[in-house]
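One chain, subunit A, links the two complexes that follow: it is found with subunit B in the first and with subunit C in the second.
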Partner chain A sequence: MDETVAEYIRRTVLKIPRDEIKTMLQKWGFLSEAQLQTLNFRQIKDNISQEVVQLCEENSADIKQAAVLDIIYNHIYHNKRMWSVYQMKKSGEELEYFDITDFKKKFKGRLRSALKNVTITFKEYEDNAIWIRVAWGTPYKKPNQYKPSYVVYHSQTPYVFISSSVLKSNLPLLCQALIVASNYHDIREMELRSHSLNSLKDIVFKRYSQNFQTYSPKPLQGGNSEPESADIRIVQENRSEKERIHRLNEEVFGGGPQPKLEFAQYKLETMFKSDPKMGVLDKKEPFRCLVKFSSPHLLESLKSLAPAGMADAPLSPLLTCIPHKARNYFKIREKKGLFPESFVSP
Partner chain B sequence: HLATSLPLPSERDHLRPRIDLIVFMIDIKSKYSLKNVEASLAHVDASFFLGKVCFLVTGVGRVNACSIETNAVCKLGEAYCSPVLFCELELEGIRVVTAQRLLRMLQICAGHIPGVSALSFVSLMRNSDDD
Partner chain C sequence: ENVDPQKTAFLLRKAWTLYSVTPLYRFHRARLRDYARLLSAFIAAEKQKGLAVEVGVELDIKVAVSSLADLRGSEQDQAAVLVQLSLRSQASSRNSEDKLVWSGWFCSVYGDDLSENVPEDFTCLPLFLTHGAESYTSMVGSWFQKTFDCCFRRLAISPLNLSWMVAMWAGCQLDGAASAVELVFSVPRLSQPLDISYAIHPEDAKALWDTVQKTPGEITQEEVNVFMDCLYAHFHRHFKIHLSAAKLVKVSTAVASAHCDGIVKILHSQYLPGVLMLLTELAISQIQ
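Presenting the complex of A and B:
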C-alpha cells in the first residue's frame, strides 16, 4: 500500500470522534466485520488509527477506497465546510432521463481531458444525492488529497452544492464538467452560502415551512398564541400587542423551524443621506458600505427579534426575504425613479 | 401587572386595581431599555414619586455585557427621588432575595405595614453627601 494512502487514511480516521469510528468504518465497508472485531476502540485515537491503517494494508487499500471514507466523513460532518449553491440552466425543454453511469463517464472524461492528475470519487445516497469528491493536481504533481472539492448534485433538480477547495482556480473547470455531464448549458453561482448543507437544500427545494399569504380570520382574544404564565395573578397589559407581533411573525416566518444560515451580507452602494447643512461627502458618489449580520442561527434570531422587543414588527423585508429569495448576499443600489428608497438588485 | 412601556393600554382601564408600586426594569445590557424607561416615566403621575416608584436594574452579573453606566441609572434614581436596586435574574438566590425585597416594599406602599408608609423611602434616599 502506498505510503501516502496510508497516511491519508490515518489522518482521516484521526478526524473522526472516537465514538463514531466504528460506525463510520462499518459504513465504509472496506474492512470486514471480522477485522473490525479485532480493533480496540477504547484506546487513544492515535493507536486506533494505526491499527486501522494496518488492516487497510492487509486489504491493499488504494486512494480510491480512502477517498470514499473521506466522502463518508464529510457527508456526516458536512457542517464543517462552507457550501455554495449553484443553479444550472437548460437550453431547451428536452426532458432527458438521467443516467448515472453516463453522468459519471462524462464528468470524469471532461475533467481528465483538461487535467490528468485528478482523483474523482462518486458516492450515491438514498435521497437522490450524488456526492462527488475531486482532488486536484497539476500536470506535474499528483493530486493533493488534503484539499479536495466536494459537489452534491440532486439529479432531479438543477441545483448543485459545492464546497470548493482552497485551490479556487479549479472551480471553472469543475463547473464546466458538471454542465457537460448533466446535459445543461449554463451554470451560475447563487448568492447563497452556509455551513449547513441541509438548510441550503431546504431553502432551494422549498422544504421549510413557508407561509402562504392566505387570509386567516383574526384569532379570538382568548386564542392561546403564546404559552400563558402559569400564575394567573400575573396580568399582561400589552397582550393584544404581543398577539399582533406573534401573528405577524407567524405570517412572515411560518410556524416551523427555520433553515440554518450563519450570516447575511448587504453591500450598500447607496447615497449617503445627511443633513444638507453638514456637507459631508459633497461628491455625489454612492457611499460604499458592507453590513453583515452573523449568528449561530440567523433566521431563528431574526424571528425572535420582535417578540423579544428588540425590533418593531413587521421586520424589514430585506431581512425576511432571505429564504424566499434563496439568497443571503445582497447588493443594494439606489432606486432610480420616483422613490428615493434603495432597492435590491437581482 | 406586566407592561412593556407606559402609558398602559386604555382598553383595560376598567379591569385594573389600584397601583401601589411601579417597578421600572432596566436591562443593563440594553441602551434601548433605559430609553424606554425614560420615555415611560413621563407618563407617570407625580404622586407616584413619593416612594411608589422603584428602579430595578437587571443583568448586572454579566459585567462584560454592560451597555449602560450605573452612574446614569443612579442619576435617574436621584432625579426621580426613587430607589435603585441592582440584581441578576439568572441567579436563583439573588432572584428570590430581590423578589422578597420588592414584596416588602409593596406591602409598605399598599399600607399593609402599620407605622411605615411609602414616604419613608423618600427620606431614606437622602445621600449623606447632601448634608
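Presenting the complex of A and C:
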C-alpha cells in the first residue's frame, strides 16, 4: 500500500471521535467484520489508527477507498465545514430522466479533460443526495488529498451545495463539470452560506414550517408567554401586547423550528436620515455600513427579540425574509422614488 | 509630551489588559535594578513552590525594570515604569536573544486628580497594562502588592465609556487608509445569544461626528449621546431593533480598540497620549 495512502487513512481515523470509529468503519465496509473484531477500541486513538492502517495494508487499500472513508466522515460531520449554495438553470423545462451512471461519466470526463491529476469519488445516500469528493492536483503534482472540495447534489433539484477547498481557482471548473454532467446550462452562487448543511437544505427545499395565514380569534394561552407574575394582583400586565407580539412572530416565523443559520450579513448603502432639528449629518451620499448578526441559532434568536422587548414587532422584513429568500448575505440600497422608506436588495 | 515613537513602538498593536493601581508606598526610582533582582527571586520561589504551572521545561526568568521618561502627560505625572519578563535563552552563546514573554507597565497621563491629594511617600501610577500570560501577571502583581502595599483591580470599561471612546476616536483625523469604526453588541438573555457587529465606513463616521461636535477640542456627554443616538436610529430604521437596549461590549477604530473586559489595543502613536489620558482617568475613578 502506498505510504501516502496509509498516512491519509491514519489521519482520517484520528479525526473521528473514539466512540464513533467502529460504526464509521462498519459504514465504510472496506474491512471485514472479522477484521473489525480484532481491533481494540479501548486504547488511545493513535494506536487504534495504526491498527486500522495495518488492516488496510492487508486488504491493499488504495486512494479510492480512502476517499470513500473521508466522504463518510464529512457526511456525518458536515457541520465542520462551511457550505455555499448554488442554483443551476435549465434552458428548457424538459423533465429528463436522471441517469446516475451518465452523470458520473460526464462529470469525470469534463474534469479529467481539463486536469489530469484529480481524484474523484462518489457516494450516494438514500435521500437522493449524491456526495462528490474532488482532490485537486496540477499538471505536475499529484492531488492534494488534504484540501478536497465536497459537492452535495440532490438530483431531483437544481441545487448544489459546495464546500470548497481553499484552492478557489478550481471552482469554475467544478461548476462547469456539474452543469455538463447534469444537463443544465448555467449555474450561479446564491447569497446563502452556513455550516449547517441540513438547514441550507431546509431553506432551499422549503422544508421548514412557514407562516400559515391562519387567523386565530382567541388570544393564545400558554405556549411562549412569560410565567405568571408572582404578585396575583397583576393580572393584565401587558398581556395584550405580549399576545400581539407572539401572534405576529408566529405569522412571520411560523410555529415550528427554524432552519439553523449562524450569521447574516448586510452591506448597507442607504442614506442617513435624521430629525432636522438635531442638526446633524445631511449628506447626499450613502451612509456606508456593514452589519453582521451572529448566533449559534440565528433565526431562533431573532424570533425572541420582540418578546424580549429588544425589537418592535413585526420584525423588519430584512431579517424575516432570510429563509424564504434563501439568502443570508444582502446588499441594501435606497429605493428611489415613490417609497423612500423602503429598501431594495439586488 | 513629545513621545519618541521608537521608544513607544512596543506599545502599539498589542492587546493590553488594564488594571487600576492604588499609589505605591516608598517606591524609589533609583532602586529599579534592586527591584528587578527581588522580583526575579520572588518568581523563582513561586515556581519552586509549584504555584505557577508551566508545562515542560525548567524556566529561567530574567526580569528587567526600567523607567520610561517620556511616557507621561504633564510634569506632575510620574514617568512610566516598565517591567519585562524574558525567558533566558538555553544556548550559552552571547548572540542568542532572550525571549520576551511578559510585559507590564505602570503609567500616569494627566493623573493630577490623584497625585495632588496624596502624601509624599506615595508614587502615583494608577494605570497598569499587561501583555502576556495571566500566571506572570499574578506573580508580578503579588510582588508589587507585598512590596509597595498597593492594590490592583481589573479595570472594566462600561458601555458609557466605550461610547465616549468610539465617538472620540471616530473623529480623529488620520493619514492614509483607516479601518472601519466598529461597535460590537451582545444580547445575552435570549433563548440563543446574539452578537451584532455594526461597522461604519470611517469617512462616514467622521462626517457624522464632525456635524455633532460643536466645539473643536472639547467633547461633551451630550454630543456623545447624540452621536450614539444617530447610530442607533439608523440601525433601527433598517432592522427595527433597539440597539440601545443591547450591551455594547467592544469598539474598534483605526486609532484604538477597547473591550468591556478592560482590554485595549492602541494602533496609532499619534493618539497614544490621548488614549492613555482617558484610561488614566478611568483608572483613577475606579480607585477613588
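Quick note on the criterion: the second predicted complex is superposed on the first by the 310 of 346 C-alpha atoms of A that agree within 3 Å, B and C clash if a C-alpha of one lies under 4 Å from a C-alpha of the other, contacts with A are read in each partner's own complex, and residues count from 1 in each chain.
The definition used in the following text is that a residue touches a chain if its C-beta (ideal position, glycine included) is under 8 Å from a C-beta of that chain, and two chains touch if they have at least 3 such contacts.
Just so we're clear, the structure is a prediction, and the values are computed from it rather than from any experiment.
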Figure out whether A:309 sits in contact with subunit B (first) or subunit C (second), or with both, or with neither. both
Of the two partner chains, subunit B (first) and subunit C (second), which one does A:300 touch, if any: first, second, both, or neither? second
Where does A:319 make contact in the superposed view: on subunit B (first), on subunit C (second), on both, or on neither? second
Of the partners subunit B and subunit C, which touch A:289 in the superposed model: first, second, both, neither? second
Between subunit B (first) and subunit C (second), which, if any, makes contact with A:332: first, second, both or neither? second
By residue count, is subunit A touched more by subunit B or by subunit C? C
So in the superposed three-chain picture, is A:60 touching just subunit B, just subunit C, both, or none of them (first/second/both/neither)? neither
So, A:270: does it touch subunit B (first), subunit C (second), both, or neither? second
In subunit A, both subunit B and subunit C touch residues 309-310
Considering the complex alone, what residue numbers of subunit B touch subunit A? 1-5, 8-9, 11-12, 30, 32
Would you pull the subunit A residues touching subunit C in the complex into a rising list? 266, 268, 270, 272-274, 278-283, 286-298, 300-302, 304-305, 308-312, 314-316, 318-319, 332, 343
Under the definition above, what is the set of subunit C residues touching subunit A in their complex? 180, 187, 189-201, 204, 207-208, 211-212, 226, 230, 233-235, 237-242, 245-246
Touching residues of subunit A toward subunit B in the complex: what are they? 234-238, 240-241, 309-310
